[in-house]
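Below are structures written as structure tokens.
Each of the two complexes below includes subunit A, the first together with subunit B, the second together with subunit C.
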Partner chain A sequence: MNHNAKKSEVAIEVFDLTVAYDIKPVLWDVDILFRRAKSTAIVGPNGAGKSTLIKAMLGMIRPLTGAVHFYSKSGLLQRNQIAYVPQSASIDWDFPITVLDVVLMGRYGHLGWIKRPGKHDRELATDALEKVGMQDYKTRQISELSGGQQQRVFLARAFAQEATVYLMDEPFKGVDASTEAAIVDLLKEIISSGNTIVLVHHDLNTVADYFDELCLINKRIIAHGPIEKVFNEENINRTYGRNSLAKAGLA
Partner chain B sequence: MNTKNFKRAKYLCLSIIISLALVLGACGNSNALVKQEGQSQTEKTQIVATTTMLADLSRIIGGDLVKVKGLMGPGIDPHLYQASAGDVSALQNADVVVYHGLDLEGKMGAVFDSLSEMNKTIIRAEDAIDRSDLLSDEEDANYFDPHIWFDVSLWKDVTEHFAREMALYDPDNASVYALNAENYLRELDEAELYIKNRVDELPEDSRVLITAHDAFQYFAHAYGFEVRGLQGISTDAEAGTADVRELADFIIDREIKAIFIESSVPHKSVEALQAAVRAQGFDVEIGGELYSDSLGDQVSGHETYIATIKANIDTIVDALK
Partner chain C sequence: MKGIIELFSDYTFQIVALGTGLLGVVSGVLGTFTVLRRQSLLGDGISHAALPGVVIAFLLTGTKNTEVLLFGALIAGLIVSFLITLVTRYTRVKFNTALAVFLSVFFGLGLALLSYAQRHPNANQAGLSRFIYGQASTFLARDVWIVAIAGLFVLILVFLFWKELKVFTFDPTFAQSLGYSRTRLDMIMNLLLVVSIVIGLQAVGVILMSAMFIAPSVAARQWSKSLGGMVLLSAVFGAMSGVLGTLVSSAYANLPTGPVIVVCASIIAGISLLFAPGRGLVHSFYRRYKARKEMKGKQALNA
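Let's turn to the complex of A and B:
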């Protein structure tokens, strides 16, 4: 284990996780604890297994070995307490559905089958849209929005889910500056209410500003811990190869 | 406007008024349980789907909002299936009719034609697929191979198309169909990965699939197999002795370990092929039974699309290894 954490502080425990595509291992023997009420960035080069780690944690990919446990303060987490924001939505959003309806999808885990979203759910959905600055688009079709706007709506959906743990796959990818700022505010709000975020990130420039902890990965865990302890030239070079920090113009 | 069109427009207006009334009625008590299971069956959308694959998809995307009747049972050959009088009335009474198209339901064309004249909501799997993704028959370029479900990525297109059409039919529940589709697409991603991993267990020159009819072109195309079939694409033509002899030589030449029978095609032609190979002193196994034009049944535990395609790849890889 890279750093020590008390059991009560642990939100997610990943134990002995190995995942392979086409025989070749993509993730190799990953052991990691994600701490409660912290945001952790997962950072590494292309093909390092970042998205795979998230998907395997969610059970969307069956690992060769290993186990993942999600904890609430008192015990194991329920599935609807885990929110997931995929890299780009897996559905083709040329779909006849309004923005508000997309956000309401986040409420279905709380509803039980067939019960329609009620007033409370609509209020939560509207609040979530306000948080990402999309309240004026409520009645628009999702297909009419730009990529950045769609991304905000999907974050609002995750937020409306009122989850305890949020797993996000590159939410900053390809968004404009104002969307990026809106997402950062949302992340801060999630953390300040005691919830946990694990997020795949690709921009080394912003890691230190946006996150509490850093997990550097390249098929194996290279380093993991608080940003101030882990985010240094030596660890970056071990993750990306020699002198990569200098190449990225960050040294 | 002629009388027929006028009548149709009148009918359309009436149905719009009725559905508006239903929608408004439903909104009136949006906090209550609107549709409780078992209590108000009549409110569910009645879907009639032709093939087992489409019935499975309808149940997954429609969930508790729909009641699905599948016309063809497991192991039924859709190429040869003829609609019974009971089927025709089920189709006429359905809210939504789901069929495959691409001439898969070869003997039902007239029935679908008459349905499309009735203004009924029809969802066709064929419409989901980009023409450039379709494979044509080797012998007749005007005729497309209908067996698209063997390529999971094409079945994802069908899933999206189906969910979109259901959302247009029932916009009130669009988010339910979208959510169900999103979850199912992830399961299909996982199934696709499973197939690719299993295929990787086979050396490349062992990736040869020999079956009774040429249903596996899309499978071959998507996952890197060479396929040989005794008959053409449709099951309504039988294999000739020349085909058998030619294929027997191929099996011996390539030292192929196993050939396969199919759930919805008679076994005798593949058994004849095996006999022809054995007569030349080479042994080829019957590698097992593949599901081709229908899903498995509940007894087999392969009654869903995902279970069926996984069972197929397991049968193929285990026999050819």
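Let's turn to the complex of A and C:
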């Protein structure tokens, strides 16, 4: 890991993070630094602690030890700067709400307490829906969407946030190939305007195409750095166990 | 018919109907949030827990003053809602279990205290037992003022925090990621719920109060496509149940108001579950019937 990066290049710094749900920690001693204007894939087997890392970074789980700094500041970032896409939305799909209304919630972080979303927010929400190809579903009830469409709505909500840091937990789950391609283009656009993306990903076939950096994790950080340095058979085996690459049909 | 018109121009009836109508509005609005959060039974726990609060307030002060008794209910309700939130947050005990335990413990305590308090010389006069089944006919103009002021307080807070309550009810995890404090929103929600339960106790009673939260919102869900629509409709259904219930129970003396109001609310819910377009049972049967007929028609053409 490179700790010599200039402060201005760093978006998120995680120090000495250990997280436990029960007694036994599920994440040990995580020290990691996410660079500004880069996209990082977090990759590891099921139960490796990927979602836990993201939730702990957001302050949703209190760690046993450690701290997270956004832009070199301790404590929580102004929250309108972080967009979070959870692995599985724990929502009631029968809630009486339209697609546009869900995406509008992405603007709430910019509004603070009491203020209501206005015309500008509506425009941004509509744009975000267009980006994920869901503009025709604006007035649909969310209960009337397919699984992949639901996921696209949640992505649109994240894009409507106009955040500077995007934490996305398996955002491509259930999304069809052409939508995935469109979203990857969008992610690259987000990066090129100086924002930062940390994304939990499972598909080793696309990691190298989609991301700048790779973080391999299995309860601890196994390796972290630019894709070309980190993405190799040895590291993958250390993350997933012996010969897993051969099993995945990639070797 | 003449009887009904006379009733409407009767001052006592007007007072009582105004009170029950208002509390129907408030519980309809709050009920929407609790039903959508799948916490409809929280209202049940809080209202049952209010009983010992009422009795203790009476034992301590010896007064039959409604404000004082309801203040006791408010404190007890806040304590129990706090305990339930605490236990579900910090232990592995499930929401339903915590609720059932607190409900029975507090209600049992309330009943025990009540039978003790009945020996008190003032007890009958204070009419403590009206809080069990509710007796709206005991409403005075002053009681309606209590309902109106407390209800207005609840409605104003709902209006101010509309956006927060909406995102918190829909997706609490996301609300948290936006930086809203979950504890703070839980507290606001619980406070609103407790206040709106307390103002209904005198008219509807602790046992049935939670139905005033559930039935109008379940009915409203059938007809609405947005949270705002559902809240408005639920308020209308709540008010209708309050006024209708009062009407019926005034027309037939001796019928306790609470149960009659709840029956009215349940009838509205039943009709909505059956006949609402789109979600109603009848409509979905009809759709299946049509779809099947169309399919058969196509098959016949192809054959």
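Just a few scattered comments:
Definition applied: the second predicted complex is superposed on the first by the 241 of 251 C-alpha atoms of A that agree within 3 Å, B and C clash if a C-alpha of one lies under 4 Å from a C-alpha of the other, contacts with A are read in each partner's own complex, and residues count from 1 in each chain.
One rule holds in what follows: a contact is a pair of C-beta atoms (placed from the backbone, for glycine too) under 8 Å apart; a residue touches a chain by one contact, two chains touch by 3 or more.
Given the structure is predicted, the values throughout are model-derived calculations rather than measurements.
Aligning the two structures on subunit A places subunit B and subunit C in a clash. Contact with both subunit B and subunit C is seen for A:P96 once the two complexes are overlaid on the shared chain.
Contact with subunit B, but none with subunit C, is seen for A:K119 once the two complexes are overlaid on the shared chain. When the two complexes are overlaid on their common chain A, residue A:Y108 makes contact with subunit B and with subunit C alike.
Once chain A of one complex is fitted onto chain A of the other, the partner contacts of A:I23 are limited to subunit B, with no touch recorded for subunit C. Looking at the shared chain after the overlay, A:I82 reaches subunit C, while subunit B stays out of its contact range. By the document's definition of touching, of the two partners only subunit B reaches A:R62; subunit C does not. In the superposed pair of complexes, A:A177 makes contact with neither subunit B nor subunit C. Shared-chain residue A:Q141: touches subunit C; no touch with subunit B. With the shared chain A as the reference for superposition, subunit C clashes with subunit B in the stretch 291-299, and the other listed options (21-29, 201-209, 237-245 or 291-299) are free of clashes. Shared contact residues of subunit A, touching subunit B in one structure and subunit C in the other: 60, 89-92, 95-98, 101-102, 105, 108, 113-117. The residues of subunit A lying in touch with subunit B in their complex are 20-23, 60-62, 89-92, 94-98, 101-102, 104-105, 108, 113-119. Listing the residues of subunit C that touch subunit A in their complex gives 36, 38, 160-164, 166-167, 169-174, 176-179, 221, 224-227, 229-230.
Residues 58, 60, 76, 78-80, 82, 84, 86, 89-92, 95-98, 101-102, 105, 108-109, 111, 113-117, 141, 157 of subunit A touch subunit C in their complex. Taken together, the subunit B residues at the contact with subunit A in this complex read 26, 30-31, 33-37, 63-65, 160, 163-164, 167-168, 171, 174-176, 178-179, 181-182, 185-186, 189-190, 193-194, 196-197, 200.
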